[in-house]
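Next up: the structures, one after another.
Next come two complexes built around subunit A: one with subunit B, the other with subunit C.
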Partner chain A sequence: MRSVEKLRRFVSGDHASDALSSLMAIAVGLFVGFLILLFSNPAQAPAGFGAVLTGGFSDMKNLGQTLYFAVPIILTGLSVAFSMKTGLFNIGASGQFVVGAYAAILVGVKCTFLPGHTHWIVALLAALAAGALWGAVPGLLKAYRNVNEVITCIMMNYVGMHLVNYLIVRTVFDPLKNQTMRVAASANLPKMGFDAIFRVGNNVSGANSGVLVALLMAVVLWVILQKTKLGYELKACGLNEKAARYAGIDAHSGIVISMMISGAMAGLGGALLYLSGSGNGISVADVLAKEGFNGIPVALLGLNHPIGVVAAGLFVSCLTVGGFNMQLYEFAPEVIEIMIAVIIYFSAFALLLQGFLRSRGHRFRAKAASGAFLDAEEAKRE
Partner chain B sequence: MNTVYFLVQQTMFFSVPLLLVALGGMFAERGGIINIALEGIMILGAFTGILFISTFQAQIPGQTILLLAMIVSAATGVLVSLAHAYASVNMKANQIISGTAINMFAPAFAIYVARMIGTVQQIPFVNEFRIAQAPGLGSIPLIGPLFFQNTYLSTYFGFLILILSHVALYRTRFGLRLRACGEHPQAAASVGIDVRKMRYAGTMISGALAGVGGLVFIIPTSTQFSATVSGYGFLALAVLIFGQWDPRRILGAAFFFGFMKTIAAAYSGIPFMQTLPIPGSIYKMIPYLATLIVLAFSSKQSGAPKAAGIPYDQGGR
Partner chain C sequence: MEFIIEMCGITKEFPGVVANDDVTLQLGKGEIHALLGENGAGKSTLMSVLFGLYRPEKGVIKIKGEPVKIQGPNDATRFGIGMVHQHFKLIHNFTALENIVLGVETTEKGMLRLDGARERIRELSDRYHLHVALDARISDVTVGMQQRVEILKMLYRENEILIFDEPTAVLTPQETEGLMETMRELAAEGKSILFITHKLNEIKAVADRCTVLRKGRCVAVVDVKDASKEDLSEMMVGRRVGLSIRKTEAKPGKVILEAEHVTVKSRTSGVALVNDVSFRVREGEIVCVAGIDGNGQSELVYALTGMSPIDAGSIRFEGRDITADSVRRRGIGGMAHIPEDRQKYGLVLDYDLACNLALQTYFTPRFCRAGFLKYKEIYRYAETLIDRFDIRGGRGAGTPVRGMSGGNQQKAIVAREIDRDPKLLIAVQPTRGLDVGAIEYIHRQIVAERERGKGVLLISLELSEVMDVSDRILALCAGRIVADVRPDEVNYRELGLYMSGSKTDIGEGDAFRGEA
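Right, the complex of A and B next:
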């Protein structure tokens, strides 16, 4: 009885209407995607759409790929979400991502003197530090020079990209592949049995213990935001900086710390991607790291909540893997990005949808309450 | 002297698109709508404009088709910006979310459609729009080579829009009303201004200018369109903030940035810089580093419209 009551309270509560409006946005996005497939090739559309929906978990290999692709975007998603929670918009995750990735690869290639089981940990720490440093610059400029963080983040993206390209050529360049050298085996993240589980025969997925690191970080951020004084102060600055300052919170250092944590997450994301043992390196080209920008939709879809970001990252990654499978039916994988864009667009309507759902919920509860009242009145009369 | 001419001509190619798009962003933000979708709108504007050129290039002569393509791009931009305006004004949506959605949608859509039409994502076009020397004006000493040689119609269009923007913003009733809606919409509404209509207008202007900006960025710098404008929409956003939401300062910011970008792109052609032992990557960083440094020493006060990004609530105070 109690649990039923709890469930009912949850269903009519705010969390449920948040989640429900996200689900409705997802339904609309999938529907639009299906229409596009139908429009471009009616005969293949149902099969292609089936591949999108189930491709991400159709077998253990694909499930592993879903995990593998989810890790970097979960981290950049956490980066963006954390900054948003504290009233900042970190659009610089791309630059932080690439400097983090470079720092990790540098340690991975050069610091072979480190004992085996600490090598990858040091590499991850280096990425955290590099990302935090890259995030600190917009933070400092915002806090002490009142420069809008959006513009500095955009500039730092380009500075990071060009600097990393320069440093790669000077330090860890593989001219044959025009990318970074392979890191030492001990710098790669341990597989921890992921490769044994997520495979089909000899067809191994890229899944590795990076998933656990991503989950750990989500929990850490959640604890910081919900259970610590620091998190409380950062959120207070995000909600109303003047009020926070009046209450004695040091808003300046709050901004810097928040941007550093945010940057560290993006930097770690870069490390987890390139230390996954897939043999990929950072290629030397004048292109900003895509993963940084992909963190923005993941954060928004996850409602800027750390756990929501994990779910959103898995969801987006699952669709992406589904998109690869869809190519069997001769559809361009860009449909997936269109679908995600539509989902995000409609999730922006959440405010109105939530209001609608809530008022429906209230009306329903009011009706139920008045119904109970009438029943009681009637019972009294009899 | 030839080097100076070359630098000025090149600077125009980088600066004019930035100027156009940043001015577009200014109209949206002055009306109270943050338009982070500039990048996406540029991509879609360039996409339809280049597609138009590539399709009809055989039939229509050079400068005419450029003007028509600019209209196509502007119309595309307006159409896309309507989606943003609807979300931001009618649905009171978070404007960052809606803009991000458009930025994600644009390249995917451009690639998808291009592949459906022609199997590859690149759309080629023949650049027959360069004006080697404007008749009459081009032969004036000094000014001719600086401004009327090796140029495009879009350059003059950019300056025309700059003047129009300044007049519209500060010298017309529309501009005053638009600015009121970006500073304090409730106050604007209290004197009978239709805030929703003004915000729609601002966003649609930003869409038109961003659409054209995408086209005129691609034409001088490339011979094909590949669903990207190299982050220029975000740079325009930076120019807008750097320019403190004011047309004249935006002009300064766009040219500062465009000039730095030109030096970064063309340093090997400049005799004095060629000899310096500085690698190319460092030159490429200069525009961004210079902007950061200038900002750090200039932007203690922000001129951002106070109500930008906040959904209009009639009951608010």
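Right, the complex of A and C next:
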């Protein structure tokens, strides 16, 4: 009986309507994406669209690839979502991501003296620390000098990218590939059987235990936000900083801690991407890491909820993998990229618009009636 | 009587609630008609219906006997209905003149021509004795003058029906008297006035008839001269309410709070907002800081509670210097605080009731172990407070505070602060925007705290509250304490003069009269 009651409450409650709004936003995104395919190649559009939708899980290898690509954007998504929950907008995930990635690779290449199974863990910890440091700078400036974190985050993205490029060339440069050197095998994340499951014959996917790390982080963040004193304080600062200060909460250090946790997540995302054993390295180019920005729509689609972010990250990654399959239907890679971007951004945009309209509606009604709602509430209680 | 507006049988329902249930309101030509009711009685809804913001399920609106359809505020304006809102709708960096003509500007070949308008406004202001400095920016003039600008705005548009929504909340006693006089003159000139309020004195002073709303229903329409204040309040609340506060003689004990030469300067202009203020609060007394809004009350409270640093002076709590202590340390030390704006400062509106009730104590061992909050205990604690303080929300401890009524939000804050068993309670405008029943409740709680031997510092803009509740009054004007008196030593008029700076009775450093 109780579970029935719970279910009924869930369906009629806020969570269900939130999840529904996300699904509707995705539907809008998919529809616009389909229009783009129709526009570029009407004959192949339905087949191509089918490929992009199902390609991400058409076989075990593709499913593995979906997991593999999901890991970094889940982490940057968590990074953005955590900052949002605490009233900040961390748009600096890109910089934190690349700084974290560099720290992990540096440890992976140089610290070969570490015993085998601790090597990769130390590398991940280094990435966490580097990301946290990169997040702390905008946090400190915001807390103590009231500098808008969006601006400092954007600047830190460029500082991070250029600094990492400079440091790579000085420390772990592979001039042949114009990228970072390969890390020692012990620094790569354990496969933990993922390579055995997610493969088709000899065609192995990139899936590895990074998926578990991402899931673990989502749970950790959820616990911090929902169960701990720290989460209670950080959320209070984010929802109403003035009330938090009245209650004696140190809003300044709250901002710094929040940005550090957020930055650490993005940094970890960088490490998980480059320690996956795929042989990829950070290439030395003046390009911001796109995973950092992809975290923003992932967080939006996931409604800033850690578990929602995992789902949204898988969805976006699924589209990416599906996009590779579309090349079979003679779509130019550019069109595919555009379509995926359109789907992601329209989904996020529809959601944003919906939230905006809803809050506008609230405010308008509140203003218009100046307390009619209170009338209603008060009347109700009698 | 000839009715200029008739709202007949208005019924407006919201999901699950009837906000207006068959309400009839008739405003006669040239009369001052009061609309009386507690918060939540349906006054706002009724006005929203009149302005076309809500479509009622039942009922008709007639203007001069003709049934009309009002689809939105523009229609209301067309029918000559104007409103002075509780929070003025003025543009602060425009002059009074520009504000008055806004929306009906006179232009010539696309250029603004205000000479004619200026002439007409001057005539109007002479006729109704509404003195306004037409070329002063709104941000530079007093609240009273801003209100006169709002009234002139209506007159300039030749509105016949003037609605005043809680117009005296921001005025000094002298300004209030002036407004009453203006309302009488306007009515004498044939304007019809609808006066929304819950202040019974003002209704008695100025209104001809009064419609009383309770729980969405129209409970009475009375001739004001035939009804006593007690009758009116009983109609409004539905039971007898003690309008005066019963309390015993104060028995002040030892000093709890001691402010000495506290000075707070503006961060931008360097002007002293709190200027060399010294006073003491003792156990078992209610000290009230009276003053017109914006004379340094907020800054004084920030300084006392630790929200912002002070530029000179010292603050002692039970003899210990706390000038440099954090908000949290002062709170743990026994200072509780009901902030001035419950929604902005007192509550996290998106947290539920339980989380808000724990906002000052969540870190104590009772609710927190090893960094994890004991939510079960927090909800259990919330349930006990909800019972004890009669806080009503739709879903108990899990009610989102945003959806609660103002009175219940305030009850939640009072419960939280009082249950901490503080030594000193600083209450800033604790009854602002509340109805008679809730005000009575809050006052009882404050007096009860005093009876328990706690010190209370009450900051209030309501003179009646100051006079009724306090044991000692400090009048604050332009950041200085200009009077330190007992309520039986002054009357409203004198206090008003102190507050407006026209009268002072103490020199520098002589702020401890009460205990000499």
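Everything that follows uses one rule, which is that the second predicted complex is superposed on the first by the 323 of 382 C-alpha atoms of A that agree within 3 Å, B and C clash if a C-alpha of one lies under 4 Å from a C-alpha of the other, contacts with A are read in each partner's own complex, and residues count from 1 in each chain.
The rule is simple: a residue touches a chain if its C-beta (ideal position, glycine included) is under 8 Å from a C-beta of that chain, and two chains touch if they have at least 3 such contacts.
If you're wondering where the values come from, they're calculated on a predicted model, not measured in any experiment.
In the superposed model, A:Ser40 lies in contact with subunit B only, and not with subunit C. By the touch criterion defined above, A:Ala236 lies against subunit C but remains apart from subunit B after alignment on the C-alpha atoms of chain A. By the touch criterion stated above, A:Asn148 is placed in contact with subunit B alone, subunit C being left untouched.
In the superposition on chain A, contact of A:Tyr246 is made with subunit C only, not with subunit B. In the superposition on chain A, contact of A:Ala332 is made with subunit B only, not with subunit C.
Ranked by how many residues of subunit A each touches, subunit B and subunit C are led by B. By the touch criterion given at the top, residues 36, 40, 89, 91, 137, 141, 145-148, 150-152, 154-159, 162-163, 165-166, 169, 286, 288, 293, 296-297, 300, 332, 334-338, 340-342, 344-345, 347-352 of subunit A touch subunit B in their complex. Residues 227-230, 232, 235-236, 239-240, 242-250, 368-382 of subunit A touch subunit C in their complex. Residue ranges of subunit B in contact with subunit A, taken from their complex: 83, 87, 91-94, 96-98, 100-105, 107-109, 111-112, 115-116, 231, 234-235, 237-238, 241-242, 279, 281-282, 284-285, 287-289, 291-292, 295-297, 299-302, 304, 311.
Note for the complex: subunit C touches subunit A at residues 14, 16-19, 38-45, 48, 53-54, 85-86, 215-216, 305, 307, 326-331, 337, 339, 344-351, 355, 359-360, 362-363, 368, 371-373, 375, 392, 394, 403-408.
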